[in-house]
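Below you'll find a set of structures to go through.
Look at the two complexes coming up: subunit A is in both, with subunit B in one and subunit C in the other.
Our next item is the complex of A and B:
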């Protein structure tokens, strides 16, 4: 009986959803208004911000405040995890006979680690020119640390310097925003010269912000991975 | 322009927390106090000027429809003032109360929670509202689990699951609106929304109200609240009950009044509010655990605030906002006070607090004042709030509202019953064993008494608040005015 009722409710609910979403405009321009922000970003994003990658210009300039919030959410996740782990008593487990990884695995990790970090760095430094950016680059760097954990378990991440990097990157982001308020007119305003289009030094503050985000995301995710691994030996 | 500092100061200090830690571990507890003093001063300085005309704070150097902007209106700045007042009291309290766990992380999370709350009430962009709402929610999940005990973690996980589902719904709702209107600016969506009649629009409304309703704890989305509020550290219970719920209510009201503005839905939400009120008060009555009782009482009060706001007249919304202020102050006092009662007696059950009033006179006196204010006795601020709600509801002279007000009175009687039972337990029952309790530190009694002073002062002179409430209510209800102020 219960199953029957829930099935009926499910059918009614899904019919309602289908009916409602049938006319939902996915990606089309149902309301035709010229002041639509999306149009503006596409047509004038490059001119206004000097960033060849329009996605980056939206993420860092137009919606830069959201990006600051998103970085903050990741920061909260990292320190929240730290706070909860700190208070919870460590569960005693039987110590498994640990066997260190084979020579091939260890050498492979050591060989790949700098390359992955280099690639991540490339991705976030060129965020305003090519696909990718701070978040993506940061995640790639964190994956290098994950590899280190998997391959050479005896390596420890220096948590103190990770925290410092995280904190400094956050302060740089906020500081650039405040500098925009001081030298320009609003918070997070692009107050530096635009530079030459399509070159590494273009887009004003965009590359600086993206580098800060890259470091911050990389340090935070690596810290989360380290925290989880220390909990479960 | 300065309004952005209200968000940035706590955020920046939280980011800098690990660096301050290298200098000294003891700085961490002072940072929230510093940030909240700064925010309180800024809000008070800003309030008179935004009363005259709303300031639009541009971010990223682009005018409203293109970039994100803050709306520093009477409602936003007023609420940020309330957040920093309660936040300041709780951070002074926490300075002496939080002695275990990773304290620097506690204070960083607390700062982030407050900057999320401030950002959510100030922003004028729908997606930005979501981002700050998430900052608020995620830091409160972590803080509920802060002590790391079984109850805390369990209720934090419950809260996390319900909150995340709610956030997911909000995101889908925002996506539908963005798909239809191509903008995330609340004022611009509000302009175009009247020209469209589509079931998808209704779906978006339902998704947004349901999603924000989880944090606002509107029935039937409040299952997480009693657990989370009762098993968190008391300073966090105070801030969750005092501030976090209010941000949820603000978000629901913003979506209902400013963005959608459809009168049909108000009646429905009004009935939901009434149901929340009744269920909250009845559940509170049947509790023996004092923190759970207070948590359920928060559910009831939320219902009353939602009920008052959905009368949807300027008087009704103003009364709802006064009740919101009253509940934020009183419930903060109650949770902060009960935190030490529970810590000294060692148990959360009401019967273990028998006769504790004679041994901890200051804290118990404050709790009694706050409880009387919540019930709505004069001369406390709760009386003014409830009186205005009744007056606003009966202004239309409709039989429907007269019946509803009858139900509200019934709920108030229940509320009175359990709060008087609490007073009876504290003062008029004899303790089983006589133990001298350690004195409550000044870091707790000073903020508690300061909030009590506010409760009494605003109760005696509610006129001070009325002009602010009036323009704040206009800020919410006057859709055309809001659009004009933002888009010019």
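Our next item is the complex of A and C:
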């Protein structure tokens, strides 16, 4: 009986969704409407901001304030998780007698770790030229730390310097925004020379902001993973 | 012909995502459910790539498929399972 009722409800719900979304022009090219901001971003984003990647020009310059909000949300989430993990007395990580990882695994982790960090750094440094950016690069770096935590547990990660890096990156982000307010006209405005388009050193403050975001996200997520792993049940 | 091939690919990816999502809901074992959710994220990343959004695809693949899965697996490993009959 319950299954029947749920099936009927599901059918009604899906029919309602179908009828509600019937009019929506999925897949049609809405950017062609001249007064839409999307068209403006696509056509003028490159020459106004100097970022070859249109997504980056939207994320960092036009919607830079939103990005600051996202970073803040991630920061608050990391703080909350840290508060939960710190509430109990800290237990030593190697209390249980665990069999340490084999030599092959440890060597593989130590070999792969710098390469993954290099790839993440590449992704967020080239955020204004190619797909990718601060968030993606930061998460890739955090996954490199995850590999290190899983593979060679003997390695201690200095959490204190990680927190320092995270805080410094946040301060740099806000500082660049305030500098744009001071030398430019608005918060997060570009106040550096634009440089040559399609080169690594172009786009003014965009690469600096992305480097800051990359460090911040990487340190935060690595801290979350480290807190999870170190916490004993 | 080319367009229809692309449409078939996108449709099959969407169906795979739906199947993975249903599996993630139905599976009793939490580990299996997490892997199914990661599968959904991976298929979503491939779909984003075919829809010409490589930025979103990278974010989805690295966050959804890799890091979230790892965090869930660690959390499942650290917690105890209590089953009430």
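Following the convention adopted for this analysis, the second predicted complex is superposed on the first by the 209 of 233 C-alpha atoms of A that agree within 3 Å, B and C clash if a C-alpha of one lies under 4 Å from a C-alpha of the other, contacts with A are read in each partner's own complex, and residues count from 1 in each chain.
In this text, a contact is a pair of C-beta atoms (placed from the backbone, for glycine too) under 8 Å apart; a residue touches a chain by one contact, two chains touch by 3 or more.
The shown structure was predicted, so the numbers you read here are calculated from the model rather than taken from an experiment.
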Answer with first, second, both or neither: which of subunit B and subunit C does A:61 touch in the superposed model?
first
Determine, for the superposed model, which of the two partners subunit B and subunit C contacts more residues of subunit A.
B
With the two structures laid over each other on chain A, which partner does A:53 touch: subunit B (first), subunit C (second), both, or neither?
second
Okay, in this complex, where on subunit A does subunit C touch?
53, 55-56, 123, 131-133, 135-136, 139-140, 142-143, 146, 221, 224-225, 228-229, 231-233
What does subunit A use to touch subunit B in their complex?
17, 19-27, 29-31, 33, 35-41, 61-66, 68-70, 72-73, 75-77, 79-84, 86-89, 163-164, 166-168, 170-171, 173-174, 177-178, 180-181, 184-190
What residues on subunit B touch subunit A, complex-wise?
1, 4, 8, 11-12, 14-19, 21-22, 57-62, 65-68, 100-102, 105-106, 108-109, 112, 115-116, 119, 127-128, 131-132, 134-135, 138-139, 141-143, 145-148, 153, 156, 176, 179-185, 188, 192, 195-196, 198-200, 202-203
Touching residues on subunit C, where the partner in the complex is subunit A
54-55, 57-59, 62-63, 66-67, 70-71, 74-75, 78-80
